[in-house]
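Look for subunit A in each of the two complexes below; its partner is subunit B in the first and subunit C in the second.
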Partner chain A sequence: MSPTTHARSDHAIGTLAVKSFLALTAKTLFIALVLAFFAIPVLWLVFAPFDKHPRLSVKLPEFTLDNFAALFSNPNALASLGNSVVLALGTMVLVLVFGSLASYSLSRVKIPGREILLYALLLLSSIITGTAAMVPTFLLMVKLQLIDSELGVILVMGAGIMPTVIFILKDFMDSTPKSYEESARIYGAKPLRILWDVVIPLARPGLATIAVWAIVQVWGNFLVPYILLRSPGKSPAAVVMYTFYTEGGQPNLALISAFSLVFSLPVVAMYFFVNRRYGFRFHGGIKS
Partner chain B sequence: MASITTTHLVKEYPGGVRGVDDLSVQINDGEFFALLGPSGCGKTTLLRTIAGLEKATGGTISIGDREVTDLEPGRRHVAMVFQDYALFPHMSVEENIAYPLKIQRVSKLDRLAKAAEVAGALALGALLKRRPGQLSGGQQQRVALGRAVASNPEVFLFDEPLSNLDARLRLDARTFLKRLQQELGVTTVFVTHDQAEALALADRIAIMRSGQIQQIGTPREVFHRPANIFVASFIGSVPMNLVPARVEGERVLVEGSHVPLPESSAGLALDGQDVTWGARPEYLSLHLAAQPDAIPGTVTVLENLGAAVLISLEVGSQMLQVIVDEGCEPVPGTRVWVTIDPRRTLLFDAEGSRIDSGVAVAPLAEAVPAL
Partner chain C sequence: MAPAISSTDASASAAGRAPSGSARRPTADDGDVAGLGKPRAVLFAAPALILIAIFLVFPALWTLYLGMTNFRLTGTAAAHPQFIGIDNYVNALTDPRFLNSLGLTLLFVLGSALIGQSLLGFAIAWLMTRVPKTVRAVVEFFVLLAWIIPSSVSTFLWIALLDRSDGTLNLLLNTPGTGWLLQYPMQSIIVFNTWAGTAFSMLLFSSALASVPPSQLESARMVGAGAWAQLTDVIFPHIRGHILTNTLLITLWTFNVFTPYLLTAGGPDSRSEILPVFIYRLALRDGLLGQGAAISLIMIIINLVIALVYLRLLKEKKQ
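Our next item is the complex of A and B:
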């Protein structure tokens, strides 16, 4: 090999190394930017509640617990968390009971156009809890005399998320082997009994996922309770937060940040609990 | 305990496919009855229709003196063991076995006592608290049996319960199953595609094809006197030799050689009729010198069966298979002569049905050979 080729190949290797270094740097930078974009709100949520003078920027706090003291002395704050729990649990129970029944039937009974029906429902479901349908929904609730009633909110929220619930649960129901049910049928079990004894226990991971998901949907929803509930005493946390203003008409960041942290903790805790117990799964499958 | 009777039973699927086609069968009280056939022959459909998991399109089913055609499965007093056992994975062995009793609203104490008793009899006593996922295939199969036994049924329905076990375990499970059935004396319908399993277990076998029964008989009957070519070729670990032939007076012309007319066909086979000549490889005798009434051939392939050797012979344009004891096999290429007792041969007509006088031929003392 001549020295020229040597030099040239060294040069080539050098260029390659520089290129790959640059590519790596660019990639790292990009990932860092994306991470920062998502991390900054979380950092704000962690730091601001403990800051004497919270602002809409991330900075190391001048540590204080006064914000929480103020929050807990606010008459609406804690009560609203209770209201949120009622609405979220109510909706969860509603969608679990009716979602299980509906998805089991849809999984077992063949009707023409079943898949299309499911997809259509799924696509249209976001309308119910969305802004566009709020006027008709409001009028409907007035007719049903369900304005300013927790039941009204639970029904509307339940209707809105039910298609997704059915869609996900049906997959779990589908993956329960037919022979399990037939076996139970041979010994005299009726459909509801089979659902309770055999299908529900096997679909537990799916039900747990759905339960958490339903709670989170209601917990974070502002529009539906804001429109359907009139008395401040019934408002859930998401609506009450909207009322935290200083006398000057500025958002009371001290209260809002502290409340945001308290507001998000139950959801995070629930996620960890369910994930540990069942693992989050959006598809069926039996581990026997 | 009860007999099972179906009359003109039809199960038609949407699209007109008949899984069960106009079947009338009588299964006797306490009998071990096997439904045998290739996959898609309708044997599982028949079983599921008896269970009530499929609704009959026509005809009736009776269990004992009750007509059950329109009854729910749970009210037919049957127990079924599925091919995949269908054990509930979230319940322990104990809960699985006691489940039928739970449905029957037996008190918890009583049903757990019954489960323990059944489990003890099935050698599952130490495993009561385990989940099905922690058991071996054979143990799972016994739990499924235990659940069926605990429900105290009039009829057992088994859908290929042994086919998920490995070969060695299957033999043990087979013996176990036969003993259990003998002890309990419960009428049992057993679906299988394995002819050896059916021959070994059943009191009587129904061989099915395309939703229809080809023959019903004891293992010995279907082995020695198959009703048609389909049954003849389906039964037996090595299929029967079936060779095109022609009747010539009191003789049959098989590939240029004359052999005696089978006794069962005496007086029925017409002179000059084209037939299929059938002979089981187990009953053919091999000779190294010319014999009267022998078919000459050339040894082409030897297959070792353990204690015996399967020899394939070229006879004219046809192949004949012969089983001989180990150590007696000639080398490939050897010229040999094959003879057979005319009581051991069968003739089938052009439609495939056995040509038979119906008169019982001198009984053949030998049992079905080991399969």
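Our next item is the complex of A and C:
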């Protein structure tokens, strides 16, 4: 070949090297920006709870555990965490019991109109959201005298997530082997007994996923308890957290930071635990 | 062994679905292996369905009626609400506060869901296919963390970040004294919601990208397709369904999100008052329940349209 083409290909290799260098730089820069964007807001939650003099800006802490001592000696904060546990566990038990009964029967028996019912459930759960239905829900609870009642919050939240629960659990029930139920039945077991002793153990991964998902939903929910509960003594942590920094005066950052961490850790831990153990599948969005 | 079972149980379990002389197992096609039977099946499903009927379906239907009354939280209209027909809807559609709120909501959905979460989620998912495993794990961890942290905490983290006098952002950008939440309320809640919600799009697009056959990407590269050509010619056609799913779901969720209330409470001067916050203020703070219900119904109808489009897509995908 002639020297000119040789030179040209050299040139081409040169531009290629420059190009790939630029691409690498752009890629690295983009990743750095993404990391900064997502990590910087969270850093406060990592450092401030252990800082002797926490401020609003992120800084390396002068290590102390006093903030947690302040938290554990604050009756309001502790009570609110207890309320969150009550609401979350109450809703979880409600949707697990009602949800597994319903999903089991829908999975095994073709009730007339079953397909339409399931379709309607899917539709309902996505359009009647807490925000869109806050006015009628509030009024309904006033009429039922369930305002400022923890039971009221559990019923509303349970009903809100029940369609999704039934949908996901039915999926799990559909995929559990049916031969065990047949054998249990030959030995004369009644349907409830079969459900409890045979089906529930088989569907355990699904139930665990649903249990964690329900807890996470309720634990973080702000709107429903904010609207339905009146007395501060009944409010869950999500609402009390908000009042800690909106109700006048200088916010007590020592308390808020420790409280935020203790409040966030359970759901973060549960999420990553279940994710590692079972892996969240996409059922139209597991979080919201 | 199995045929023996089904023959003894045929009468009990198959309820009217008699095997027409064939050796077909009645349990196989109706699946009622535990012998539940229809009446008991209905009984099993009843508690959950009744709960849904009372606390989810009834409120939604009641909105239809409430939206046509002058229901108030206090005063005479609280005790004896009057039927006023479509006045609330006429009022809403001519009320500048409602129109302002609707416009802000569209901006919010467009900015934080369609542009922010979708684009950023896709960009991250795509880039993460071409980086070392540890980098991927770290990036995904932080994106997910923003999604999982309860909203009351994550909004406080952003209040701290954006604080006027001691916020980290002002330190980083060297813009002391900028009150982001007061001066740029809409931009603030849009960026916040992008931060909090990108994880979903990232996860969805990650699994979508994993389904693109590597051989097709390989051959595209062989013929010298650049990154952009690979995207438009190979990847996008493959994940079109996922893009639509993602768009519809995050539109629906973003449209209904109440969390910005915790950041700006709709203010200052209603400049970040998206519809959920507007309804809250109108109905539960100002006590105009009828008006609030009318706007709630408008929201539910918009939700319904988005959800129907989504379900239709799901059905088409299955066929």
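One rule holds in what follows: the second predicted complex is superposed on the first by the 218 of 288 C-alpha atoms of A that agree within 3 Å, B and C clash if a C-alpha of one lies under 4 Å from a C-alpha of the other, contacts with A are read in each partner's own complex, and residues count from 1 in each chain.
One rule holds in what follows: a contact is a pair of C-beta atoms (placed from the backbone, for glycine too) under 8 Å apart; a residue touches a chain by one contact, two chains touch by 3 or more.
No experiment lies behind these values; they were computed from the predicted model shown.
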For A:182, select first, second, both or neither according to whether it touches subunit B, subunit C, the two together, or no partner.
-> both
For A:50, is the partner it touches subunit B (first), subunit C (second), both, or none of the two (neither)?
-> neither
Would you sort A:123 into first (subunit B), second (subunit C), both or neither based on which partner it touches?
-> second
Which superposed partner A:202 touches (first subunit B, second subunit C, both, neither) = first
Answer with first, second, both or neither: which of subunit B and subunit C does A:213 touch in the superposed model?
-> neither
Identify the partner contact of A:41: answer first if only subunit B is touched, second if only subunit C is, both if each is, neither if none is.
-> second
Which holds for A:135: it touches subunit B only (first), subunit C only (second), both, or neither?
-> second
State whether subunit B or subunit C is in contact with more residues of subunit A in the superposed arrangement.
-> C
Common interface residues of subunit A - those touching subunit B in one complex and subunit C in the other = 179, 182, 184-186, 287-288
Residue ranges of subunit A in contact with subunit C within the complex | 23, 27, 30-31, 34-35, 37-45, 55-58, 94, 97-99, 101-102, 104-111, 117, 119, 121-124, 126-140, 155-156, 158-160, 162-163, 166, 178-179, 181-182, 184-186, 191, 194-195, 199, 216, 219-220, 222-223, 227, 237-239, 241-242, 245, 256, 260, 263-264, 267-268, 271, 282, 284-285, 287-288
Using the touch definition up top, name the residues of subunit B that touch subunit A in the complex.
-> 51-53, 72-75, 78-80, 82-84, 86-90, 99-100, 103-104, 132-133, 147, 151
Which bits of subunit C are touching subunit A when the two form their complex?
-> 2, 5, 9, 27, 30-38, 40-45, 47-49, 51-52, 54-60, 62-63, 66, 71, 120, 123-124, 127, 130-131, 135, 138-139, 142-154, 156-161, 163, 166-168, 171-172, 195, 198, 200, 203-204, 207, 227, 249, 252-253, 256-259, 262, 275-276, 279-280, 283-284, 289, 292-293, 296, 299-300, 303-304, 307-308, 310-311
Subunit A contacts subunit B in the complex at 177, 179-180, 182-190, 193, 197-198, 201-202, 286-288
